[in-house]
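Before I ask anything, let me first share the structure, which is written out below as structure tokens.
Should a chain be cited, it is by its letter among A, B and C, assigned in written order, with residues numbered from 1 in that chain.
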Amino acid sequence: MTGTALAPRPAAAPAKSRTPLGRHRLADPAVGVWLAAAAVTALGWIVVDARGGDFLTLTNVVGILQNSVALGLVAVGQTAVILTGSLDLSVAYLISLGTLVAATTMEDGSVVTGVLAVLALSAAVGLANGLIVTGLKVNAFIATLGTAFILRGWIEDNYTGPAGKVPASFQHLGYDRMGPVPVSLFLLLAVTVALWVITRRTRFGHHLYATGGDEHAARLSGVRTRRTVIAAHVLCSLCVGAAALFLASRLGAGAPWAGTEARYDLESIAAVVLGGTVLAGGRGGVVGTLGGVLVLAVLDSVFNQLGVDPFFKNVVRGVVIIAAVALYARRGARRSA
Amino acid sequence: MTRNRSPRPRRRPTAPTAAAVLATALLAALTACSSDAPAEAPAASGQNAEQKDDSGDKPSKFFDRAEYDRQLTLSGQTPKGPAARPWEQMLAPKMTDTARYRKKGEADDVDLCFSNAGVFNPWRQVGLKNMKAEVELHDEIDDFTVLDAQGKDDKQISDIQELAGNKDCDALIVSPNTTATLTPAVKEACGKLPVIVFDRGVETDCAVTFINPIGGYGYGAVAADFLVDEVKPKGKILALRISPGVDVLETRWSAAKLAFEKSELDVVDVKFTDGDPAKTKSVVSDAIARHGAIDGVWMDSGATAVAAVEAFEDSGADVPPLTGEDQQDFLETWKDKKLTAIAPTYPTFQWRTPVIAALRILKGEQVPKEWKLPQPTVTEDNLDDYLQDGMPPLHYAMCGCQKLPGFPGAWGGKK
Amino acid sequence: MSTGTATDAPQKRAPAPATATYRTIARVLGTGAPVYALLIVLLVALAATDPGFYEPDRFLAFVKRAAPLVILAAGQYLVIVCGEFDLSVGAIVTAGVVAAAEVYGTYPDAPWALMTAGLLLAGAAAGLLNGLITTVLRVPSFITTLGMMLILEGAVFYWTGGSPQGRLPEDFRRLGRDTALGWLPWAVLACVVAGVLVVLLMRSDFGRTLVATGDSERAARLAGVRVRRVRVLAFVLSGVAAALAAVLVGGFSGVSAQAGRGYEFEAITAVVLGGVALGGGRGSVVAAMAGAFSLQALFTFLNLQGVSGALESTVQGVIVIAAVGLGAADFSRLRRRAHPPGPPTAAPPAPATPSRTHREGHPHDPQP
């Protein structure tokens, strides 16, 4: 799958014949972030081991993977919108509302209606976001922030706390493991693969990158940029819906703060850029994003093991995010020079 | 900045690969061979969705008459245990046998593990300091592991799984972030090691003991009754709440609402402040402007009490009778400005109790199935007993920490 | 998206008198026309809801309450108009208040002037760091300031163990709480001074280069603008504004561990409400500050209306989207009809601004 990371770059093409393939691979953010994830794991293992702990235990690895699922689903969706040069700040409240809708619908109806209700809700919110951004020409930052406020009011007006109950059959998604691997991880992988196929192997994906790269040029060459942006927003919200379903199954109920306490809005954007996707759009991909999510999860686990002060964690996260993006910018500059 | 206009279209079909992965995922779901889920679904909750409480006049879904009556009864009782150490006291205890949890081998080699919801407010920060100091008191505790969920339910579920799966943990202390959502994880952990739950509960009684003070109804009622006594009939009451949907705070408000409904007081406004002093000042001054005068202020927690007092001062009005909490800054303002006030508490000394309980359980001594702690109230008469100079403004007076190692420095105070 | 820019034909050197008048109006109001309309509607609505609202002391109290947001919006405007973001301002406010309390905890007798100056300096330092990381390391400012937000919040709470250990003395709090001459709140004075300074700044050469930089970095650089320096300075000023807001907020309501929560989004919303384009190059600072007043008026209105606390945010979301959507629509129509030359800021464009060079050379520069 890492082969996809070799997204061709016009500027890099001539350089390719001169530089060895290996170096080129290393310079790619998507490869880099996976290497970084491996490095952080190794470092964490050494540090924790030195302190008499045991880092690479089964429980721990399972925990890391499990903790990546929710953020991973959101971040993969966020990648799609960021690739078009847009972004989505409404994801956190959509998750909260999604868990509530899932749990309350499943309580009265069946699991299937619950899943459908959440996906329908997500698609509607994504569509609204896309239409506001393209139709009303409101900047995505403000548009999705506005949607977030609207969802927040909706949640606070309708739910006064955790609500609904998820049937035991649906909780398998959140708790079951296949051997050591959590089932939910397969959900994340399935969604990632689906997104990867969509972004890299379809005409729509082609348009996605084109719109994010240079909207004007894309439009001139016949890409329906508006439609593309709207579809990207719908796609993102559907991924968020999947995250909400996963969280509902894990929490067993809907929680109004499921999405906001974890700051999925900013965290997902951080994971996306950590994975090498350019915030302005047009470059990057879901594979890198998954690596970014993994780096954050491994860091978290290392801090857990070392008993690091939770406030200090934020400092490190901030530094890591800035440093990573600075590194990508430097590499990108060297290549295009 | 070079921009990649478009990825090179690829011809190689990948659909089969994708299909294969999807199929694997599907298969995995079907043939899942192990599950961390508890055997049965979480017990039916009392929090089931009865939505739409928008008018505010219907009884809140959080209101539980039987529990309300129980708490008011408990408030009138004298707790058992040493009066000087309220964190070891218990109200109406029903003891449970713990012989099966007795730790074999060396008794001076205890590893305690704690899954904390987070330290996202001063109450929890003071509490965690109390707990850590309590651990220091006991030489038999070899290791004390704390995992902080930073307010995320999902992370706390993983934390509990991680600690329950950790062979080194002799007992697990849990302070749940949310009642309903952590029930499955706690149930699962109960099968592996003795679990002690405190502060917020879970919807299962599998824990060896559940430690908490009398509770929100007691808190809300004490505060409301004070205003009913102090404010003249028909007086205008402003109710300030932190945010909707927090169970602990909802019970406080539902008890207060009941008391106000029975009285002749007029609750003119119920506002959410998000615990933000600036917003509180705005809300209070707007309320004064809108209603001419406010004759009493009820608050569901003390974080915004001083801001409310200042709002009255800034608008040139007298500070009416008001309720707060045992936060240092409010107690100081109360004393300095000679306010008419009361401070019910949700004592932070309850953070000491889980450690004591864990050690008793590991020794096989009896503990109450539900360990109800007393919930003292700060009044004008005992204000001086609780107010200690030199503590930081966001310290909680009811910490029971005055004799713990490191006091007052570790709590940010000065001698 | 690329509203307006595509049709931005080369300027007419000698416009007809009728269009000239129209252009003057359009230029004075700039892209801010919708925000002034919104502000007027809200202020009228407030008067209708609460007849006492315009009593001098009540109105001044309203302005005092709005002051921190207005100052933050002014600072945020400088960053946005040159094409960047500053998400760290909320964290600077929180960190400023908590750090001041912490320092007072150790040195209870520190003079307030020194403390205030220290905070402003620290705000400038945070802004400088933001600016340098963004320009020298070429990290997008969204990420730089997001990281800075995490770092500042984490660091200040790590330092204080989660909650501030000291309290803010009365003399430090005077600026945010007390009044000068017995009637004029110091905060209002600070707000007016900051407003005048920033308007003067935008009329200076620096202001024009700032807008030009946001309009097209390349063109600005070709015209001899030191783009990096201009941007770094914008971040520094935003940091100082945030620190000033911290002094006012800390003074107004005292120590709080969440003093600045949400301010970054409110400030950006205010600026955008003022018709300032995210991505830079367009909009006036007066309109941005009017956006902040509108937002505060909206909060007050919802509060006085007794709108259920829960629905407040929904109303806020709808109004923000509607106002910005309306602004975007209005703007494109206005421009198509009138073709106002240069950036429609309050400042009249100088004869040879870099921006003009750019507009002739790159009519299709994409706008985010």
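The criterion applied here is as follows: a residue touches a chain if its C-beta (ideal position, glycine included) is under 8 Å from a C-beta of that chain, and two chains touch if they have at least 3 such contacts.
Predicted model only: the values in this text are computed from it and were never measured.
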| item | value |
| --- | --- |
| Most widely separated chain from chain B, with each centre as the mean of CA atoms | C |
| Pair of chains joined by more contacts [C-beta pairs], A-C or A-B | A-B |
| Centre distance in Å when chain B and chain C are each reduced to the mean of their C-alpha atoms | 38 |
| CA centroid of chain A to CA centroid of chain C, Å | 30 |
| Where chain B touches two or more other chains at once, by residue number | 54, 119, 244 |
| Touching two or more other chains - residue numbers and ranges from chain C | 162, 308-310 |
| Shared-contact residues (touching 2 or more other chains) in chain A | 156-157, 214, 280 |
| Residues of chain C defined as touching chain B within the complex | 50, 52-53, 58, 61, 65, 101, 105, 160-167, 177, 249, 252-259, 261, 299-300, 303-304, 306, 308-310 |
| Chain B-facing residues of chain A, complex | 7-11, 59-60, 63, 66-67, 70, 103-104, 107, 156-165, 167-168, 171-179, 181, 183, 186-187, 189-190, 193-194, 196-197, 200-201, 205-206, 209-210, 213-214, 217-218, 247, 250-253, 255-258, 261-262, 280, 282-283, 304, 307, 310, 332, 336 |
| List of chain B residues in touch with chain C within their complex | 54, 119, 121-122, 125, 244, 269-272, 274-278, 280-283, 285-286, 289-290, 306-307, 310, 314-315, 329, 392-394, 412 |
| Sites on chain C touched by chain A in the complex | 1-3, 6, 133, 137-140, 142-144, 146-151, 153-155, 157-158, 162, 265, 268-269, 272, 277-279, 308-318, 320-321, 324-325, 328-329, 332, 364, 366, 368 |
| Interface residues, chain A side, partner chain C - complex | 85, 132, 134, 136-139, 141-143, 145-154, 156-157, 214-216, 266, 269-270, 273, 278-280, 309, 311-319, 321-322, 325-326, 329-330, 333 |
